[in-house]
Each structure stands twice: as C-alpha cells, then as structure tokens.
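Comments concern the structure below.
A, B, C and D are the chain letters, set down in written order, and residue numbers restart from 1 in every chain.
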Amino acid sequence: MNYSATEMMAVAAARVLTNDDICFVGIGTPSLACNLARLTHAPGITLIYESGTIGARPHVLPLSIGDPELSETARTTVAVPEMFQYWLQGGCISVGFLGGAQIDRYANINSSVIGSYEKPKVRLPGGGGAPEIASLCRKTYVVMAQSRRSFVERVDFITTFGYGEGGDHRQRLGIHTEGPTLVITDLCIMRPNLITKELEVTALHQGVTREQVIDATGWPVRFAERVEQTPPPTEAELSVLRDLQACTARAHGLEVGQND
Amino acid sequence: MTEFLALREAIAAYVHDGSTIALEGFTHLIPFAAGHEIIRQQKRNLTLVRMTPDLIYDQLIGMGCARKLIFSWGGNPGVGSLHRLRDAVEHGWPRPLEIEEHSHAAMAAAYGAGAAGLPCAILRAYQGSDLPRYNPNIRSITCPFTGEQLAAVPAIRPDLAIIHAQRADRAGNVLIEGIVGVQKEVVLAARHAIVTVEEIVDDLRAPSPNSVVLPSWTVSAVVAVPGGARPSYAHGYYRRDNAFYTAWDALSRDRERFLRWMEEHVLRECPAVPQP
Amino acid sequence: MTEFLALREAIAAYVHDGSTIALEGFTHLIPFAAGHEIIRQQKRNLTLVRMTPDLIYDQLIGMGCARKLIFSWGGNPGVGSLHRLRDAVEHGWPRPLEIEEHSHAAMAAAYGAGAAGLPCAILRAYQGSDLPRYNPNIRSITCPFTGEQLAAVPAIRPDLAIIHAQRADRAGNVLIEGIVGVQKEVVLAARHAIVTVEEIVDDLRAPSPNSVVLPSWTVSAVVAVPGGARPSYAHGYYRRDNAFYTAWDALSRDRERFLRWMEEHVLRECPAVPQP
Amino acid sequence: MNYSATEMMAVAAARVLTNDDICFVGIGTPSLACNLARLTHAPGITLIYESGTIGARPHVLPLSIGDPELSETARTTVAVPEMFQYWLQGGCISVGFLGGAQIDRYANINSSVIGSYEKPKVRLPGGGGAPEIASLCRKTYVVMAQSRRSFVERVDFITTFGYGEGGDHRQRLGIHTEGPTLVITDLCIMRPNLITKELEVTALHQGVTREQVIDATGWPVRFAERVEQTPPPTEAELSVLRDLQACTARAHGLEVGQND
C-alpha cells in the first residue's frame, strides 16, 4: 500500500501513545495522531483539548481546538482556567503533543515570530497553551514536518522551552518534568541524548536516507549509535487514518487532504 | 439590574472609543454579531482582550477599531494566520497595533484573578520562554512557604465584557453550556457585561444544578441575537461553519478583498448575521 | 487505574497510621460510612483535614483516631457545638488534639492550590483577625504590580482524599451533583483518592456537558456504599437526616453515652450504615 | 398580636433588606431574616449560602448551610472555592449577614474561643466564612441576642474584624468595604458613629427601655442623639415568620422553636 510521508509521520506519532496516556492534544497532526491511536491500539487513551474537554472521542477531527465534536463526545467539559490550573498545572497529564514553526537541536520551539519580536518579518499565531504544556506535562512529544526552514540552528524566539542550552538546563530552571523526549517528523524519529539533551536521530522511516535527514536539518544533526527503521504503516493503520480524514473533510465541507 | 436592549443600543451605550473590551468565547459562542455592530458604529482606539483573537478580532483590527491587542494565540484555528492581525503587526495597516502577548495558561489565570477581585494571578509558567523578556506584565513572586519562584501576571479587568450564550430568562439570568471557556470569568472581571443570546425564554431549562448560570445582576444588558455567534457555533443550536473559517484565509489575505467583503457583509447589514 | 474495592479493603489499603487524610463533602455527600470504617480499623495519629469537621470528625476524634485537625468551622451546623471536638481541645480527651485553624475562604483556596499544583494560594483574607497570630501557616505576599499585601496559605495536599458521590460507571468515572463543595479539589490535590458511591452504573447519565465528573484516572478506588453519606445526604438519592444531627447534641455530650452509641452503631456493624 | 423579642429581632433584620440585595447568608437568625424578607417585601432578593448555592429559595429553613433545599431551589450551585473567590472576594455581594458569640463596641466579633486561644475555656466552632464576609461584602449586618455575656467590653478573640479600635482602622488595614453598618438585637438597633465607629443605639424596639439596653451591654453604651422606636412586627410579618418556622420544624422533625 502506498502512503505519504505525512501519513507515516501521523502513524509513527500515534504508535508512541498508550492506552493509559492522558494526552493534552494540539490541533493538526497531534490531533490526528491521538485520534488514530484511540481508534487503533489505544482505545482507552484520554484526550484532553485546551478548550476544556476531557475524554473527547470525536468522530471527525476538529478543525479548531473547540469544535462541537469535542464537547459533545467528552466525559466532561470544564472552564478554561480550570483546565490550565487543575488539569495541566495540577500534574494530571502524562503526554503533551506539540507542533511549531521552528525547532532547534535542543527541542526549543518557536511559534511566535520569524525575525525579531518587535519588528517581525512574519508574525506567527503565538504560543497558546504550548509554553506550559511543555513544562507541566510529564513529557512532551513534538510532531513537525522536517526541513531546513523548520529545523534550524537557532530558533528566532523561544516560545516553548525544550532543553534550553542542553544538559541540565531544565533542572536549573526548576522544571521537574521530562520535556520533549521524542520528536517525530516525516523523515525520522529523534530523541534527546541522555546527557547533552541534543536531539539524535534514533529511527529512520522506511526509504529515508541519512543524507535526506542531514539535508533537511539546519544543524549538523547527530545519529544515535543504533538507528532503527520505522516499520511502515500497516494497512489497518492507513485505512483508519484515511477514513478519519475523509469523514473529517466531508464534515467540514473541505477537499480531502486540505486539513492535515 | 439587567436591561434588555437592541444590539445597536447596547453597543452604543457600553462601547466607547478608547475602552478596554473583551469579546470572549473560547472557539465557541464567539459574539460575532456584537463585534460586527462595533465595526458598524466605527468605535476607535479600543484595547481588545481575547485569548484567541479569531476571525472577529481579525475583522475589528482590519477595520481600524483597535489600538492594542492582549492575547495568547492569534491564528485562524486549524487554518493558519489571521492576515489582518498580521498586516497590522507587520505593516501597521490600517493602523499600528500594540500587542501584549501571554500564554493561554497565564491569560486564563489573569481572567480568573479579575473575577476573584485579586490584583494578580500566580502560576507556574513561562519557564525558559522568551515571552517575559518582551512583556513587562510577566513578573515573578516568591512562595512564602517553599521559596519557589512563581510567575505573576496582572488581573484582567476590562471595562466591558461581551459574550454570547444559549439563552436568558426574562429576569436576565443567563445559561451557558458546552465549552464555557472563560465566559464566567470575563463577565465577573469586567465592570459591565453585554450578553447576546440565542433566545429569551420563560424558563432557563438548566439541565443540572451545577449548570453554568450567570445571575441577572452580573449582566448589564441582554440582547436577543439568534445566530449571533455565527460562523462560530452555539452548542445545542447550530454548528461551527468550518468552511467559512477555511474560506476566510483567502477572503482576508488581500486588503481590498477584505474591505469589499466587510462592506458587503457587515457594514451594509442591519444587526444581522453575515453569510459568506 | 481505578480499583473497585470493598470498603474494608479500601480503608485498609489507603489509610495508614499517621496519614494526612481529608474526608470532604461540604454539608453534603459526607463520607460517613468510610469514616466509620476508619474507626473500626482503629487507625491512629491521623491528621484530619476538613473545612467543617461535622459529626464524622467528631466521631473520629472521640474515638481517638486523630492527632491533628486542620479545619475552618468546627460546629454541628444549626445545632451548636461538636462536643467530642471540644472535649479533645479543652480537656485532651481521649487524647490531645493539635489544631490548625483557617477561615473557609483560605481553606477553600488552599484546596484549590493543592489541585492546581501550586505551593500556596493567595487571597484577600484575615484582615484584622487574630487568627494569623496563632497560625504560622497564614503569611503574606506582596503583589508585584500593585504593591498590595495579600494573605498566603500553603496548599493542602493530603495523602488521601475520601469523598462520597452519587455514582460511578464501570470504568470508574465519577459523577457529583448538587453542592459539590471542594470535592473535585481535594481529589486532585491528594496523592490517592477513595470515592464511595451510591451506585455503580453502566452509564453515568450526566445531565449536562458541564456536569462535575471525575475521570477514572483521578480516583484510586471506587467503593459501592449505598447510603454511605447518611446522616448527611445525597442529592437525588436521600435527604439529610436533620433530626439525627439535632439528636447528636445529646448523644455526644457525655463521654460514656458517646462511647456506648459508637459501640452499638459503628463498632459492631459490618460496613453498613448506622441509624440513630 | 403578641410576639417574642426574638421574633422582633428577626423582623427588624428582615426589614433592612431590599429587593436588590445580594445577600451572603449565615445559618440561624440571618437565614430566618433573609428568607422572611424574601417572602414579604423583598421577593427579588438573592440569597447566597457559602455552600455554593446562588439564588436559593428554600421552602423551609435549612438546618445547615448546605441542606438539600438550598441547592434544589437555587439558580445555580458552584464549588466552594469558586463561591469564596469569584462571588465573595470578587465583590458581588452587597450584604453579609453575621452572628457571633461575642461582640464589642467596635463590632469586632468573636466566634472562636472563650478564654485564651491556646487554653480555651470554651472552644467555639470558629469563624467559617465570617472573617472574609465581613471584609469583602459591601457592608455587613450583625444579628445577635443582647446580653452582658455577648456584648462585651473586649472580645476574647477577634475572629472577625469590625472597626478594630475605631476611627479609620479599617482603612488603615486596606479594607475598602463599609463594615458592620448595623447591629440588630432583640432589644434595639445599633449603628456605628460616623467618626469614632463606636456602636450607638439608634432605635429601641417597642417596650424596651434605655435601662434594659444599658444592663444588657458590657460597655457604657452610647445612644444616638435621636433614638427612634422600631415599629412592632405587623400581623403579616409575624404570620409569614411563624409559618416558615412551623414548616421548618415539621420538615426537620423538630419541636417548633427549637431551631431559632
């Protein structure tokens, strides 16, 4: 079965989630991956959206963080201050799922500006929930399509702190959570080095070469001692993924593929 | 206590040039109709407060109503940029826009502090982020028990809150259901509050003793505006117009096209609900 | 995640001598049955946390389970004193009781801070009161924006929360309705939580999308105990036994009579519900 | 129609409430007075109990602050932290209604201990919501039966701050609300002097002499320049009051009069 690199990324992201995860879900690929996990191997996963919905089980993917599908299918919906104070800051969340416009080798993420903050070349939407999702969830997973524009030597702005300058920088700031333990791209999977916290490629998706990854990374990317190969999407995974996207597109009155 | 007004009267009475106003509704119950009336009445120099500016603030900003924006996520959810917001920040069109940027966690807490009558909120936030370097309203405080440093942000206390809700009863009590966002907080934090509702009913029909109800005395004015949240949605009444949110990307990208659309769908309308 | 246990097992597994435990329920859904099981299992040196100690803590204190009480109003509501609490404080019977006393506002905020993972809560409180002179856990903090002095109290983070609720589903999700007190806060603030429920059902039947529901993963153990809140009440199930609350005044005034009553109605019972 | 001094006190307390008041209600005489007002001249009054019930309209008087009657008849019921943070501290409440065991000439209230705090002769229930009700409601009314034991030269413990040592003591502590502007007893009505804030008798209930008030007050009590006479309870007031108490007693399985 043929599949796109984007589909591989979503499937790889879904696979790392477990039945017991309490997952704080961002819109876009994170939401796709989390719902794919829920509809395949992790039916018991709890999906939490920052709009306040706890245990949402949407039939189609939400376009926004607060689509009706979320609240209608959730176990309960709480106010947004409560969501951030009790549920996120209170330490209930096992995994936060993030994306961003730029990421650096220490998994610091920029979703604020390209250029300077005060005179931006591009004003991006901003951090939203991300800065605290990254510091307060027990760990975070990042999903981003990989290119030299997005995987950069130095992010223009640290919206969301990953490992800062590496090493024990998180601990020095008094952050007690694990941080971005996993970065999933359309080419590979990266994990922070245990000591330096620099991202290292630990798995390549099938058919992807080291050169491709090197070309798509804005810093001299390191590879782990053992680099595994990501198993390709199974037919079952692909068919659930495509059904979900097709339903979503129909429900939103969009062309298929417009919303991924 | 609560007045029952027409939308035009309510906006004229409570929105003044230079006011700090918050039209809230977290991706649900966004008070579009009220925002459009503000545009029609050509209010100016507003400080606009909203966690997610969304299309309604993109429109207010593009029509030149805003001087400053206090926000925490300024995109078109699931679609991309807010082009009018970007144009104002990047190029000062139609006028320069000052921004005060927070994270969601901080802004939600700041609304909570406003509702709670506190001068500030404390939270565990912004650790390692560059945001505090550019926002002097992010400070820190030391816990007197553990010595831990916590972030502090000032309470949000707008001059006026505007929200949309499912219904009000004839005394002016308001029921909100579904994603309730920061609606209760913003109403309690603000000096005045306008609530537009889908319908005014004899009995609120609150399904639970713990339903989110705003007592009449927290609300300055109730305005019946069926469909007043479109293209956002009202849980139990109508669904989100996701196709419009997607279409807005192209409609708003170009200044002229944006102005034409606003002229046709907002400025020429009497208080009613635009369709794309 | 959630275990479904018998009451005896749940108390044996989670209540340890010396633990800090909070049996909450603000004049509603008070977990009497669970408290009685703690008495039967003769737990000792407990630090008991509860805004309104009520009859259940009067009984725990009178039976010698408590070393310390953290509270904000220690009376028999609408009736008068808690005689066993008084006897412990005034005469050290059956053992001395250390007390840490707050106001309701501070204690509610302290539970909220516990749920929110903060080390302390800030509030406008205790101004002019003598309480801070005797409670070193009431301190102050300065707002970094206004310079205003605010009161600060440490977060409450008990080892164990015990609450009673209307129902749980078979996955362990819990519904609470009516006066919800600080139940959500105490469960989220505590390291472990036991929830006794009126019934375990296939479908929670939450009437509103905003109903108070505790997801299963916030709850360590669910125990079916129909009537487990009597003589307190369960909204939708049974009413408060106000006559018993009134009768408790005489039943508890005298040490011997109290002990006899406890012997007959609590100690001899298997986990069941005493009637006056 | 005959009536007791306690009935006079309840009626006098009810009369000072208006249709527009948002009233934070304590159990006992405050609750009786507030509900009497609601059932007579102030049907629009909003009663708020610290258990979280907003707009309660009980048919019988609650024995506790959280009886089922409150939540069942309320417009909404919120969590207790929200009640204290948003509704009380947020400044929504126009009148707080308090009682206590002891009160002094500056309307400071003791409901904690008789004797010393650390070795109390009598350990009273404590403050509950009172300390903040008194500082955060726009004003507070106190209802207490008057005697030398309760109206004392100096309270053993300031649970709830009234006017402290008088004058501008409230302002000096940064309290911006009016404080206890009214004390209603079974003998008279007292109000703080505008300047000194010492309580002065401004009205005597019918048939009560100055000597009776002096005898029942633990400090040399002052009388205002003009002392009014409280109009006696009307038949309508008494009949609503007695009906309410009778219903309440029946509902709670008590003897009539046991719960006031």
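Following the convention adopted for this analysis, a residue touches a chain if its C-beta (ideal position, glycine included) is under 8 Å from a C-beta of that chain, and two chains touch if they have at least 3 such contacts.
These numbers come from a predicted model, not from an experiment.
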For this session: Report which of C-D and A-C is connected by more C-beta pairs in contact.
Result: C-D
Exercise. Centre to centre, by mean C-alpha position, how many angstrom separate subunit A and subunit D?
Worked result: 57
Exercise. Any idea how many Å lie between the Cα centroids of subunit C and subunit D?
Worked result: 28
Seminar exercise, completed: Rounded to the nearest Å, the gap separating the Cα centres of subunit A and subunit C is 40
Exercise. So which bits of subunit A are touching at least two other chains?
Worked result: 71-72, 77-78, 85, 89, 136
Problem set entry | Junction residues of subunit C - those touching two or more other chains | 112, 116-118, 123-124, 148, 178, 180, 184-185, 206, 209-212, 235
Seminar exercise, completed: Checked against the stated definition, the touching pairs are A-B, A-C, B-C, B-D, C-D
For this session: Going by the contact rule at the top, pick out the subunit D residues touching subunit B in the complex.
Result: 20, 22, 46, 54-55, 71-72, 74-78, 85-87, 89-92, 136
For this session: Mind listing the subunit B positions that touch subunit C in their complex?
Result: 116-120, 122-124, 137, 139-146, 148, 150, 152, 154, 177-178, 180, 206-212, 235
Problem set entry | Residue numbers on subunit D that touch subunit C, as the complex places them | 27-28, 50-53, 62-68, 70-72, 77-81, 83-85, 88-89, 108, 112, 117-118, 120-132, 135-136, 157-161, 164, 169-170, 173-175, 251-254, 258-259
Seminar exercise, completed: subunit C contacts subunit D in the complex at 26-28, 51-52, 71-75, 77-79, 81-82, 85-86, 89-90, 101, 103-105, 108-109, 111-112, 123-131, 134, 148-149, 178-182, 184-185, 212, 233, 235, 239-240, 242-243, 245-246
Problem set entry | Residue ranges of subunit B touching subunit D (in the complex, touch as defined) | 1, 112, 115-118, 173, 184-185, 188-189, 204, 206, 209-213, 215, 217-218
